[in-house]
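Two complexes, one shared chain (chain A), two partners (chain B, chain C).
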Partner chain A sequence: MQTQDEIILDVKKINKTFHSKKGFINPEVLKVRAVNDVSFQVKKGEVFGIVGESGCGKSTIGKCIMDLIPIDDGEMTFKGKNLRNLSKEDRAQVKQDLQIIFQDPYSSLNPRKRIGPTLMEPLLVYKIAKDKEMAEEIVQDIFKEVGLPEQAFWKFPHEFSGGQRQRIAIARSLILNPDLIVADEAVSALDVSIQAQILLLLKNLKQQRDLSYIFISHDMGVIRYFCDRVAVAYLGQIVEIQSVPDIFERPAHPYTKTLKEASPVPSYDPDRTFNVLEGELPSPSNLPSGCYFHGRCPKATEHCTKVMPDLMPYKDGMVRCHHPE
Partner chain B sequence: MINTLALNVKTATVSTYQILKSSKLTWIGTLIFVIVTLMAVFAPYLTPYDPISQDPLAVLQEPSALHWMGTDSYGRDVWTRMLYGARISLFISVVAVVAAMIIGGALGIVAGYYGGRVDMMIMRVMDIMLSFPTLIMGLIVVAMLGASMTNLVIAIALTVIPKFARVARAPTLSVKKREYIEACYALGYSDIRIMVFHILPNVFGEVLVIGSLWIATAIRIEASLSFIGLGIKPPTPTWGGIIREGFNNFLDAPWIATYAGLAVLVVVFSLNLIGDGVRDAVDPKLRGE
Partner chain C sequence: MTEPVFCVKDLSISFKLNGKWCQATQNVNFDLMENETLCIVGESGCGKSITAMSCLGLLPKKKNIHIEGQVLYKGVNLLDLTEKELNDYRGDDLSMIFQEPMTSLNPVLTVGEQITESLLVHKSMTKAQARETGIELLNKVKIPEAEKRFSQYPHQFSGGMRQRVMIAIALACKPTVLFADEPTTALDVTIQAQVLHLLKELRRETKMSMVMITHDMGVVASVADKVLVMYGGQVIENSSCKDLFEAPNHPYTKALLNAIPRPDRHIDHLTSIPGQVPTLAGMPSGCRFSTRCELVSDQCAMTPDVNTVAGQQSHHYRCWNV
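Presenting the complex of A and B:
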């Protein structure tokens, strides 16, 4: 972990609400708060994890940063540039410096396009390569870096295995030499042995290229191995931000604690007890009052049912709880 | 560190041309179409007769060594009229359908890609165009522009544009939600680049196959428009015109309409074979099997 404290991405109080209509004659508008008052900072050279269960909005946060989903309000600053208000030149620069790796390597590559041309295209669009020969050289260099054979250049995506496809997706995200990569569940669709290869690759690339990652995952084990700091998301909010050793040793938020306990451990313990949460995950279109977690929280008091806690500094990190541990 | 993984696939890359070559049915289709086209081009060398001049002494003759496909009610050789008719019928239908394919396909992709209001406007206009029967559409075009071959092409194209727009829009809607299109946004590509280089290749196959089917319909539309006097005026031969004329004498001289109908059938069949083959050839997943 690097000790530099240069902040590369600063996300301040972003919100995103999805609206969907239910019914035809007199539609009832459902509001789903997918991203709710989310703030965090990513430092240069760090791997910032976002963890949470399905539907907690972690992928939406990633897509908001990439401008794939427009945010309703809030501010995002990337390398000193306000992402919501970019000039044309700045926008082109940001697109090169900020890249994404998707979850599913099967749908993230165009089935009708050969790998080489797919990777050459951004180089030619941004005029990084003067001509096709030069672009091909750069692509072949990236192939070597991510462990793809030279012959992959003229092949179609369906001719590769899942792990190789993910390498191609990584190569595509690297081709413009970015500073920050959003890895949205980048290893979740792969089987465990391939996961390890890809994680190792991402780790090596980070060191060689001085990259930062936002690593979105639901897998606490992967987060523990890969990340420097983690934000825990619950119902569109961030409930805790801590460095990785701390969050696993002393989770401050009760939700983080259950999340950690629920993840599998590599040793067999027949006496292991699971502290299963009571109650259901509330619907994000019909959020409870007070703290969103109070209905399932073992430590909830009456105060928790009425007042929403703020994300407050706590020890070395941040936590959104009235009774942190 | 990282192992270079061995590829479990053939290393040779197969070109589109090689696929077309390896499919026998596509070959047959291409061969038929090329032969018909060549026959149309070299029509004067394939028959001693004139397609227009009438011969009152040889009216409605059965097929014989002199007249391979018999003669029509004006004593004109049907084989000759078929050859010359192919020139006009093929030209009109192919040009109209290709034009409609380009315009309708582009409209469908734009509508599907932008969605919302753009989609609404384009598709409602398409719906209005669809609601006009072919003949009414032809009447409107001819009334506005006058009867000519160009206007006939325009009339036919206008009636098929909405069909292509619909066929192109549906796959665009599903393709644009895929992650590889999101990756294009993340790379900051322009909308036009995304539509032309990333969506079009995924939509092309469907449009092409439908296109081969619509050429048949275009020949038929040309026939009905010519029949009511909005298209090619008699005595200029067209396949549609020959079928219509033959229809009047179908009980006395069934060969006229039958041969012309068979010709349409054969051409449409060959185009379907070509369309199928091309679709398989542009879909990388179907290659090599």
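Presenting the complex of A and C:
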């Protein structure tokens, strides 16, 4: 087993605000605080989940880590190196050690290029393979590992089913033998029977290759099955971080509790009631005062409407709430 | 016995693809009693939407689409009707919420205009009456400041609110049967809970019957009285909601239930179903699940008969080997 608590990624107080123009005649600049004071640590060998509803900033957090979106401020340290200030060699190394799987793998594959050659490319660029034969061999080995047939090598992206395309995306993320993979809704678009196949595959790969994952999902069931620890995001902020058993059995933040209770359970229960939140989700470009959740929170007090709580240590995790359970 | 309000008999839908007829649904049967909710559940492409669309005569009458069977509403076979005759039912007795909430609202009409349209057409209300009823409906689907919202455009609404507007439109004429095609799939769970709760309340209030389409077993458990499980265009099991979850019979239903990651309990092992869903052009003959089924035998090359579970009049499945 890996050494306990070795931290592979340390994210400290990162922020990202998008400025977009709305309207044509009198453009109004909308500011969206997509990532707001976000901090968390990922331990080596763990699956760290990020869960939350649409627009809460999950993908943006992932893209900030991958340096696909520049952050406004904050620190990110990966394997002891400051991601905002890398030497040329370190940058090349990080590009190999840190990989992402996107929700829609189709859009990230060149439709006119055969799968095999697409996947061989980085091996040649980073000189991991000394020639084409060796690159092809590595790609074929990884195909075997993720359950793709040998013939897949010479096919085009459109010739695959959704599940197979997701396997291709996984194969691609493994090519450079990374340490940490950010999986952004990697199974969300799949049917249940295929989703289970991919989750099992990701789980096996993690064990065999000693990987760590940041696993982004909006599905509480998938999070519970797959993750070790979870951050719950709401309107750009992290409102709670705890181990999976604690998040599900002893949620500290009222929003976490709501999220769990609103998730439909696949078993018969004639007495089931819906946990219905009052109020609408605030617009991320027009955030409320105080705690962002106060307008929908059953426990909100006047204090909550005025003062934003900090993300504070709580039990074995962190919570951003004036009245945690 | 009371009569069902809606009845589908041996509905088979075929499409001509590259000159070859492919059967997308095969002998689908169900009936619906007053105030009952039936869920049609199954994976992508198994034929849920086309089944619902043909119930409202919405599949285009074209040379490359062939529909067999009957869709009976109050004894009338809707498949025999002309477009004009169908329009007397649509949006009135029979109503539908479509799979894509963002695209099925008209962006250039106000929400109010879209809600009142069917009231003006079917109920011959005056504009003032329709407006009043429309605002009432928006209140009912919990749109805040309904009066102001009535004259706004869809883009001014959030996703969850738009979906509730779709529900308001579908319910305007107090339909007898509401078809809801994945009405909550695009929504966040907290908003989904609001919408499901709303549908349940409205159903209690109006006594309407509902056919709800979903691929989410959790949603099925939350709303269904009875369930139709489809695989590759075949109904492989059909039972009460309770039996489906507590005593499933078909190997596919069982496997599916074991493949769902659950929010309510820790599971060590997820069981996946090997292989892939067959494509429309490549359906296996006989039982369409046979290529992925662990109980498969030679017999499965023939379509299994409908079996009834002993002592359970309303629990059926199609499998040779259970």
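Everything that follows uses one rule, which is that the second predicted complex is superposed on the first by the 318 of 325 C-alpha atoms of A that agree within 3 Å, B and C clash if a C-alpha of one lies under 4 Å from a C-alpha of the other, contacts with A are read in each partner's own complex, and residues count from 1 in each chain.
Criterion: contacts are C-beta pairs under 8 Å (C-beta built on N, C-alpha and C of every residue); 3 or more make two chains touch, one makes a residue touch a chain.
Fair warning: this is a prediction, and the values are worked out from it, not measured in the lab.
Room for both chain B and chain C is found when the two structures are superposed via chain A, with no clash between them. After overlaying the two complexes on the shared chain, residue contacts for A:His218 are found with chain C alone; chain B is out of touch.
In the superposed pair of complexes, A:His253 makes contact with neither chain B nor chain C.
Once the two complexes are overlaid on the shared chain, A:Arg229 sits clear of chain B and of chain C alike.
In the superposed pair of complexes, A:Pro111 makes contact with chain B only, with no contact to chain C.
Within the superposed three-chain model, A:Glu53 lies in touch with chain C and out of touch with chain B [touch as defined at top].
Of the two partner chains placed around the shared chain by superposition, chain C is the only one that A:Val276 touches, whereas chain B remains out of contact. When the two complexes are laid over each other on chain A, the CA centres of chain B and chain C sit 80 degrees apart as seen from the CA centre of chain A, to the nearest 10.
Of the two partner chains, chain C is the only one that A:Ser193 touches; chain B does not reach it. In the superposition on chain A, A:Arg33 makes contact with neither chain B nor chain C. In the superposition on chain A, contact of A:Glu121 is made with chain B only, not with chain C. Put simply, the nearest alpha carbons of chain B and chain C end up 6 Å apart when the two models share chain A. When both complexes are aligned on chain A by C-alpha atoms, chain A residues 161, 163-164, 197, 200 touch chain B in the first and chain C in the second. Across the interface of their complex, chain C is touched by residues 53-54, 161-164, 191-197, 199-200, 218-222, 224-226, 244-245, 248, 258-270, 272, 274-277, 280-281 of chain A. By the touch criterion given at the top, residues 43-44, 144, 158-161, 188-194, 196-197, 200, 215-222, 241-242, 244-246, 255-257, 259-264, 266-267, 270-274, 276-277, 292 of chain C touch chain A in their complex.
Residue ranges on chain A touching chain B, taken from their complex, read 63, 66-68, 91-92, 95-96, 98-100, 102-104, 107-113, 121-122, 125, 146-149, 151-152, 154-156, 158-161, 163-164, 169, 172, 176, 197, 200-201, 204.
Within the complex, the chain B residues that touch chain A are 1-9, 11, 13, 178-180, 182-183, 185-189, 193, 197-198, 201-202, 282-285.
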